[in-house]
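Sending over a structure as structure tokens; questions will come in a sec.
Chain IDs A, B, C and D follow the sequence of writing; residue 1 opens each chain.
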Amino acid sequence: MTAAQPLLAAVDVHAGYGQHPVLHGVDLAVAAGESVALLGRNGMGKTTTIRALIGLTPISGGSVQLDGQPVTGLPAHRIARLGVGLVPEGRGIFPNLTVAEHLAVAARSSGGRGPAWDRTAVLALFPRLAERLDHLGTQLSGGEQQMLAIGRALMTGPRLLILDEATEGLAPRVRAEIWSVLARIRGEGVAILIVDRDLPQLLHLCDRAAIVVKGRIAFQGTAAALAADRAMQQRWLGV
Amino acid sequence: MLTSFHSRPGRRRFLAGAAAATATVLAPAPFVLARPAPIRIGVLLPYSGTYAMLGTAITDGMKLSLAQAGETLAGRPVEYIIVDSEASPQQAPQNTRKLVVRDRVDVLVGPVHSGVALAMAQIVGARGAPLMIIPNAGADALTRELCAPNVFRSSFSNWQTGYPCGKVMADDGHRSIVTITWRYAAGDEIMGAGAEHFEALGGRVIKHIRVPFPDVSFQAHLSEIASLAPDAVFAFFSGGGAVQFVRDYAAAGLKARIPLYGPGFLTEGVAGAQGEAADGIRSTMHYVDDLDIPVNRRFRDAYRDAYGREADVFAVQGYDTGTLIARSATAVDGDTSAVGDMAAALEGIRLEGSPRGAWQMSPAHNPTQTFYLRDVVDGRHRVLGVAAEALADPATGCTLA
Amino acid sequence: MDLAGFLVQLLNGVQAGFLLFLVASGLTLVFGIIGVINLAHGAFYMIGAYLAFWLTGLTGSLLAAVVVGVAVLVVLGIAVERLAIGFLYNRDHLQQVLLTFGLILVLDDLQRLIWGSDFHSVPVPAVLSGAVALTQQQDYPVYRLFVSAVCIAVALGLFVLIQRTRVGMAIRAAASNREMAEALGIDVGRLFTLVFALGVALAGFAGMVAAPISAVYPGMGDRILILAFVIVVIGGIGSVKGAFAGAMLVGIADTFGRVLVPEVASMVMYGVMAVVLLWRPQGLFGRPA
Amino acid sequence: MIALGSRARAVLAACAALSVLTAFPWIGGEFYVDLVVRLMILAIFAMSLDLLIGYTGLVSFGHAAFFGIAGYTLASLTPAAAPANLVVVLPAALVASALAATVIGYLSLRTAGVGFIMITLAFAQMLYYVANESRAFGGSDGVLILFRPELTLQGRPLLDLEDPTVFYYLVLACLAGVLLLLRSLVRAPFGRVIRAIRIDDRRTRALGFATGRYKLASFVIAGTLAGLAGFLEAAHGGYVSPGALSWHQSGLVMAVVILGGMGTLYGPILGAFAFGLLQDQVQDWTEHTGLVVGLFVIAMVLLAPRGLAGLLSGVLSGALSGAPKTRERPAAPRGPR
């Protein structure tokens, strides 16, 4: 579809929780530097797809490759170290770590694979965090937490940044800021896989889009094609 | 430690014995060497937990005695059925029944712990069988209120171990003492006997300090003793508590200022672990390692040869227990069903061959024995003299006498 | 009680508190960070004391014994975590309680197999064997003061490790949100093994340091385990700071309880714990659940 | 179909077990009858704790307190030279346990989770020290109960508990009674509420149930039944010591419940018999009981997380392929949140 060897390639991925299968064969590819929107109604398997890709939910069938290397079944921390950064649903801020510690604990040399982000670069991206370096995670506002979650993920030096509902519950002004930052990150050559409710913004940011329906990918194509197809949006996204 | 378990029979050996007995009955008589059924000795002693060392020494002493008797009693081989009492009173009734009811032992030996002993003696006393010999537990009641025709003790009563020490302290010129022990029956009985004797001789007890049993943090109490500044301290702890108390006492600088007295258990078996801190502590005891009499020297050599360890007072109590078993079984010519006759053979018996020196069984079934005054030099006990000759427990409340 | 007597007993209480903290800190770390209720903590304390006894006999030096002993305990801790505890992180706390209960039985028996049932003691190193005069009647053993110093050093070391190092940050991160830490590339499995081994080593280290001022005997870990639990709960589960406060409170309350109300002395610390829990169910330094 | 089949098999197994227990005094021999009495008492004790742990979700680490209190009540009400009257001492023991459970439960239930585990432990330890250090209660040596209580009505003896067979059937009747009582209890609306509390206390409260009262009721019932077990044990052994109140005892019964299978009533019974028999057997062939029993416990935790009941229900439903599925529960919150 895209490049000869995508950065991330999931083929026929099955996964679920306990005895409840959620994914029934997800195929998904993200090329280096590309940004992809992952869409779908609630409960269709977006978050599970993300968790399966990064190794947090065990995969019961199919395979995942990073750079052509199989990573299926690898523990999450190994996959993370191969250059995948996560901004999870709910932000996952550590209440007992300060802002500075969040950045420090995530920092690792990316081995030259992804763009190198250091504390200075991240704080330049989010000047507000620079004023809050000694605050604990619990002392931050929602927007600041979201910025920290993104900044923290960048500190791992990712080639692929995965964001799950990164603008949810935020004030419009903060949202706008996040979207603009995401655009800048994209500009640095980081691939992005993003789940969000804001379809116009997504279609604006992303090259391509994929729609998850009942644990399968029902559509995968360019953002422009999805933007043009009102009927499909209506059918699978309810917009 | 493991050596003592090499001959641990358990149920398998018991079954083997039973099989042999059956074979004797079934096989055509002329072709079989008569192998009489073994005399079963049920042993309920601790082999794990705090008192494990005592249980092992008692068992070894008893086995040595019976081995010297030729491993047979009136022609019947000896078989041990050993149960670990874990020194846990809770299991005592169950374990006792196991030996008495299921295994039908001919003689019951045990235990170390007084609480266990009270439970055992009650069961065995009420049944009137089998013959029971207590090789250690010192609870006064065992040979007082709870005394029973078929229950004997080969060790001591708590009262006996404390009483002579009162006189020793008075004789040494002390006018005031502080007593310290665990808050439990043995502590009360031993300290009570010694303190009463001391007061009767004109001394004054400034304070009775009681430490929660079996707690071993003494520092606060040592500071208290230092402020009270008595002439002497009368202390009873045993095992790990004794090790730590004596060492802490010395480390707090009290040893040089206030002499320490106690029943023998304060240093017995633990003087090595106590090291220099034990030097000079005076105690009264019914046995001393270095007791210079021929029976003791022979006993200690034999024990060392058999087990590769030095004997201690518990080994002696075990040894005397073995002797009592042998005497009672021989007296009934191996017919251990005659419990009354076995007991009668032990009434007033005098054990000339005891390593602790000759002693006599009192009417209440407790040894009437000599208590020695000793101190510790370089980790060894030294006999200083006799603290009380032929001391008998008052046996208050015993209906046997 | 006169002032001198009071101050001496206060010193006793604080000194006891320091040693208790050493034991409790390992328990609270394991408890708070990897969520494991380790009933075998006291058994590891006992193993430490026996190692001190055994290795001091072999090497003639308590210092050497502690160095080798800590290494042995770390290996033991890693083994136990890898072979057993590690499988239980996602299970009910009760399963951990039961498993570590089984571990107590096994360790107690192993101790008996290896070292027998004798009481032992470890000599106080010659350099530390003296006493300093406090009052005319009172001396204070130098080794007890030394133990306090060691405990303070360990407390500071733990504080630096947890609060100031990158490993400490990773530990705190993993403790509050394991999956997120994993997603940041932190090998939480290995970190938890490390924390468990650290807890075991701390318990054993406490046993080693305490060995010269306490006899070494079977079952010595039982009482210390319950004490450590009381301290951890008073201080707030998972809080090292809380463990310190709890240990001091228990050490001092216990010491004065013995002298002032000897009849109920052993209940004093449980009373303190009950009062603290009823007033602040989460403990002194715990965060409300 | 399969469900019905397994149900029938379960009923069959229960009937078989009951008939073996009923006939046992004729086939068992004096010693084993004695042993089974002890196992049945342990089973009653374990079932009572299961009501707390398995059904209400309250992990009490001080359950031995009520077990011991009943024993001490019997000891102090038994005259020195004659048996006590069962009609008096049994209710007295149960009331003493119930009262203690009310007070301890009321105070302890102000905490939750690990705090609850520890505060129940604290109360039990306090009682342990009362018994351990008071001369009136025999201190660490414990108290002897020289006579088992007897059931007399207007001076006429009805039941002679000194007779091992009579005592056996009394204990068996208590076991069956407790089983039926708890079974109807957990199936009644009360049972549904406490199970809801176990899953989510806050939501149950939001539904309008005074969960505090339900928890206290459950705690008192469990404490009273533990008292029944403690009473029987003391009467059986003729002896009660601080050990009956100790944390070892609380730990042991907790191990029995978990080993047997929490949240099932027959699990604790299985656990009691398995644990007790194992201990008894191992004691016969090695002095290293702890090593064997400990390894068994560890293996059970790792391999059979739902306990013996889980294994057995696997057998009964014929689903032996693969290990029984672990009941997934969300990992408990750890660390400060």
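Going forward, a contact is a pair of C-beta atoms (placed from the backbone, for glycine too) under 8 Å apart; a residue touches a chain by one contact, two chains touch by 3 or more.
Computed from a predicted model, the values in this text were never measured in an experiment.
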Walk from chain A over to chain C along touching chains and report the minimum step count. 1
Applying the touch definition from the top, give me the chains sitting in contact with each of chain B and chain C. D
Of B-D and C-D, the pair joined by more C-beta contact pairs is C-D
Chain whose mean Cα position lies farthest from chain C: A
Chain nearest the overall Cα centroid: C
In angstrom, rounded to a whole number, how far apart do the mean CA points of chain B and chain D lie? 37
Whole-angstrom distance, CA centroid of chain A to CA centroid of chain B, is 75
Distance in whole angstrom between the CA centres of chain A and chain D is 52
Distance between the centres, which are taken as Cα means, of chain D and chain C, whole angstrom: 32
What are the residues of chain D that contact at least two other chains? 129, 132-133, 289-290, 335-337
Out of chain A, which residues touch more than one other chain, so two or more? 95-96
In chain B, residues with contacts to at least two other chains: 47-48, 212
In the complex of these two chains, what residues of chain D are touching chain B? 29-32, 34-35, 38, 129, 132-133, 135, 138-142, 144, 146, 236-239, 241, 243-244, 249, 283-287, 289-290
Chain B partner contacts - residues on chain C that touch it in the complex: 2, 4-5, 8-9, 12-13, 15-16, 108-109, 112, 116-121, 123-124, 131, 133, 135, 137-141, 143-144, 213-220, 223, 254-256, 258-259, 262, 265-266
So, in the complex, the side of chain C touching chain A is made of residues 166, 169-170, 172-173, 175-177, 179-189
Would you tell me which residues of chain B are touching chain D in their complex? 5, 8, 10-12, 47-48, 83-84, 88-90, 92-94, 97-98, 101-102, 114-115, 118-119, 122-123, 139, 182-186, 188, 212-214
Given the complex, residues on chain C that touch chain D span 31-35, 37, 39, 84, 87-95, 97-99, 101-110, 112-113, 172, 175-176, 178, 226, 229-230, 233, 237-239, 263-264, 266-267, 270-271, 273-274, 277-278, 281-283, 286-287, 289
